[in-house]
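Letters A, B and C name the chains as they come in the text, with residue numbers starting at 1 for each one.
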């Protein structure tokens, strides 16, 4: 292994086109605003009957928050990690322990902190655990680091089984404490407020909470990528020796990337707990909420989205996390995959095919992932952007914004 | 630990119960309230029209339990066909809406809200992990569900309608049977291999209770559902000198334990409960080692001479000629029979709402499935509705691979055992 | 003592198969610097064909077809996909193999899903008992076959033209090309050999003796356990793969008994982690130089 992870493409966004200027930016802002309005109105659009689709959308946001964290680590800082599910587990258990009702039972540790504090605490906890792994991560590169990080998934499985005073154990797990903000509970209530005739109950409230989490994650990550932190990540990724000679403290930067990525995963873990209403460690390492399958799924999110691209991770999450759930709903509602029963193609199998194939196709034909495709589409419309982007190069190396 | 989460959950249930007084039954978004009077002056809310009663299945026909799941679904459907042919219940036909979650909790979590508004209750809910994930929903929606998993740890929820006895009692009765047969003596050491989870943990409770009564020492080994090679564990148990090995495992693990039992020259009797055996094991290289297995189950084996079982399995073979033969069929049918009793009682009381059927369940003291399972009594909350089991031994010549060696019986230890949420 | 000896025998038998798998990782890595995450699915392809054809061709015939098919599948992955990738970066190519792995695994598992996919090995479930010690025939044969194949490979690697060419390429790809070594042929052979080894390994893996289960997701997972074996020994060291395989087999068997069964899988990864922290390129791996 003589190289670090070098993503073939990276700019998180199309670089600003110096001359096309105001008009284009305006268009982009309008498009983004329209998207946010649609997301805000989603509970109304699907109605109270479409809660299943709201669950699906929530699930995508879990993937997006986790995926953003991983794309920073793998794409921006060049550290391959398959440990993401472990940090999700730490986040979920951390939230349950911090916010759990101490009275709930004598055998479970619950500190009874306000849920918001517990969420922040769980995120910080994940960051610290990530920091603890940083000395190992700092010594290893590329695939060696990838496989080493895999050991955390196995460790998580074992810890989840053994430390049942925290995790609730694999048999029944423990309740995920209801999220609450300034006395407003993210649970069903009677009467419920309504928007355009749609009752805003637990799932609708969770949607808005998740949306807030996801938007915060998105902008924080974009901010980090465009700041000095992001530049130091890319310097270390591209050439450690050169980065050192430029005065970058390589060890610290690598550790920092691990901490930040773990923190995002921790938030995704809290969201998973709220989504499932349950914190429960997996029974085995292949399938489950915090399993190897999830590790691969997150990696697929960042590859398909384009290594290092924050918006790409969101699109990747929509494909990887959304598709399976969408197929499942379709199979239920429209009778797709009706022959799944005995060795036919089930929704799970088909969605695995789709994202497996997407990984292969992306690396074969468009190593920059969806982010690069998006960039090309926008730059085709505006020749100025293209030249700013470095002429006709398809895989620009610089990560400016 | 288990009791731990349960305690919290009981509080949740208590809260939900009081709130349902206000809400009556409601969907997860609680935009409908109260029941309406339907045909025949019967109160109805979700899943019941003037002509139909819709029940749901959340089953597994694509995951690890797909053989069992297919049998269960078929059993449910056979029951519905019977009822409908006889004119339905309460003047209404039974319809079943099926969801396949592939034994994945997250998948079930997504599909549940789609199914929930259409059904009165669940005629079958397969899988301990799925049940654990959906339990808050079931409580919130005031749903009555028959789980296709038999842990006494879930009986704190009055919405759980256990069909037959529970894993802990299967093991207690099974050990008692082995001791009656002279295969086990007071003071012996036994091994227990169990899947970490509601299933295995509940089985272990059974052997712990029996061990305490008879001064046995238990050599425990915890596994996950995907550890298929148990040779190492059996090697260790041989070293510990066990006289009996108890299994609360998957069928694949059962085969491995039995193969090692024979290969290592240990050759002790092995006791498994209902889900440990699948007739398909008879086609594996371990087939020759399966003879040591005793299966203790609350439902009659596929080949049981019980006339009702014969009737159901015969019809199954006609209707689904190419499908696997396993005990899921009779179990699925039994689930239907219990639902039938519940619906008839609810109809009599004039309330086919969700709250109505839950109340109706507690009035049932003698549900008779003609011996498919023991007579069921749902009047004492928290207690398993029966304690009786069938004991069967592996026999390649029997249909479904099991031959009944002891008809329905309950051991004295089984009678005296207090289940986790049993009152008194 | 009996228990300990028995565990030692079990562990070594499994270690031999892990070594065969780990050697596959190493051969491909040495020739191309790509880590083949799809190794587990090569195992599945071989096993699946044996399973499907054993009734028609007999077990031995089906086994030969399975080994050849696994080898050709490996070659196909290299020729059709990796060779055509826009990005020649080794790490991207490793990720590409993950995509391939996801697809093949799902498809094979789907195909065998409804059955009990034991592949009918004639030596399965026929233990040899010597006193209190039981030797599982599958593992004994695996040990012998593993020893023969690995020795043959190491000899070929050292003395044959192909071995020399491959070592030269591993040492310095450009210089090797200048010396007239056909990189493409060396690479192709490496994938073929690794695929064949995977095809052989599955003949021992999908047995009652070895894994307690037929072909399926579990078989694929065993190949994943061989990953720590390869990494532990050093990804570019053939001898390391053998040592790594045996270490993993023994760690698994002994920690399951003396610590706890559920800890045994973590134990394998923790041993690997400790080795990596002390020697970041594995026990026998070439130390990587920082390039400026």
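Quick notes
Heads up, the rule we're going with is that a residue touches a chain if its C-beta (ideal position, glycine included) is under 8 Å from a C-beta of that chain, and two chains touch if they have at least 3 such contacts.
What you are looking at is a predicted structure, and each value in this text was computed from that prediction instead of being measured.
Of the two chain pairs examined here, B-C and A-B, the one linked by more C-beta pairs in contact is A-B. Farthest chain from subunit B, judged by C-alpha centroids: C.
Put simply, the C-alpha centre of subunit A and that of subunit C have 32 angstrom between them.
Our note on geometry: subunit B versus subunit C, Cα centroid distance of 41 Å, whole angstroms.
Averaging Cα coordinates per chain places subunit A and subunit B 37 Å apart.
For subunit A, the set of residues that touch two or more other chains comprises 157, 161, 285-287, 342, 346. Among all residues of subunit B, those that touch two or more other chains are 62, 66, 196, 222, 224, 226-227.
Multi-chain contact residues of subunit C (touching two or more other chains) are listed as 113-114, 217, 221, 262.
Per the touch definition, subunit A reaches subunit C in the complex via residues 1-3, 5-6, 8, 80, 135-136, 139-144, 147-148, 150-151, 154-155, 157-158, 161-162, 239-242, 285-287, 292, 296, 299-300, 303, 342-346, 349, 352-353, 355-360, 363-367, 395.
Chain contact summary for the complex, subunit C toward subunit A: residues 33, 35, 81, 84-87, 89-96, 98-103, 106-107, 110-111, 113-114, 217, 221, 224, 227-228, 231, 235, 262-263, 265-266, 268-270, 272-273, 276-277, 280-282, 288-292. In the complex of the two chains, the subunit B residues touching subunit A come out as 1-9, 11-12, 19, 22-23, 27-31, 61-62, 66, 70, 99-100, 102, 104-107, 109-111, 113-115, 117, 128-129, 132-133, 136-137, 140, 153, 195-198, 200-201, 222, 224-227. Residues of subunit B touching subunit C in their complex: 62, 66, 196, 221-224, 226-233, 235-236, 238-239, 252-253, 255-256, 259, 263-265, 280-281, 283-286, 288-289.
Subunit C contributes residues 2-3, 6-7, 10, 113-114, 116, 118, 121, 124-125, 127, 129, 132, 134, 136, 207-214, 217-218, 221, 253, 256-257, 260-262, 264 to its touches with subunit B in the complex.
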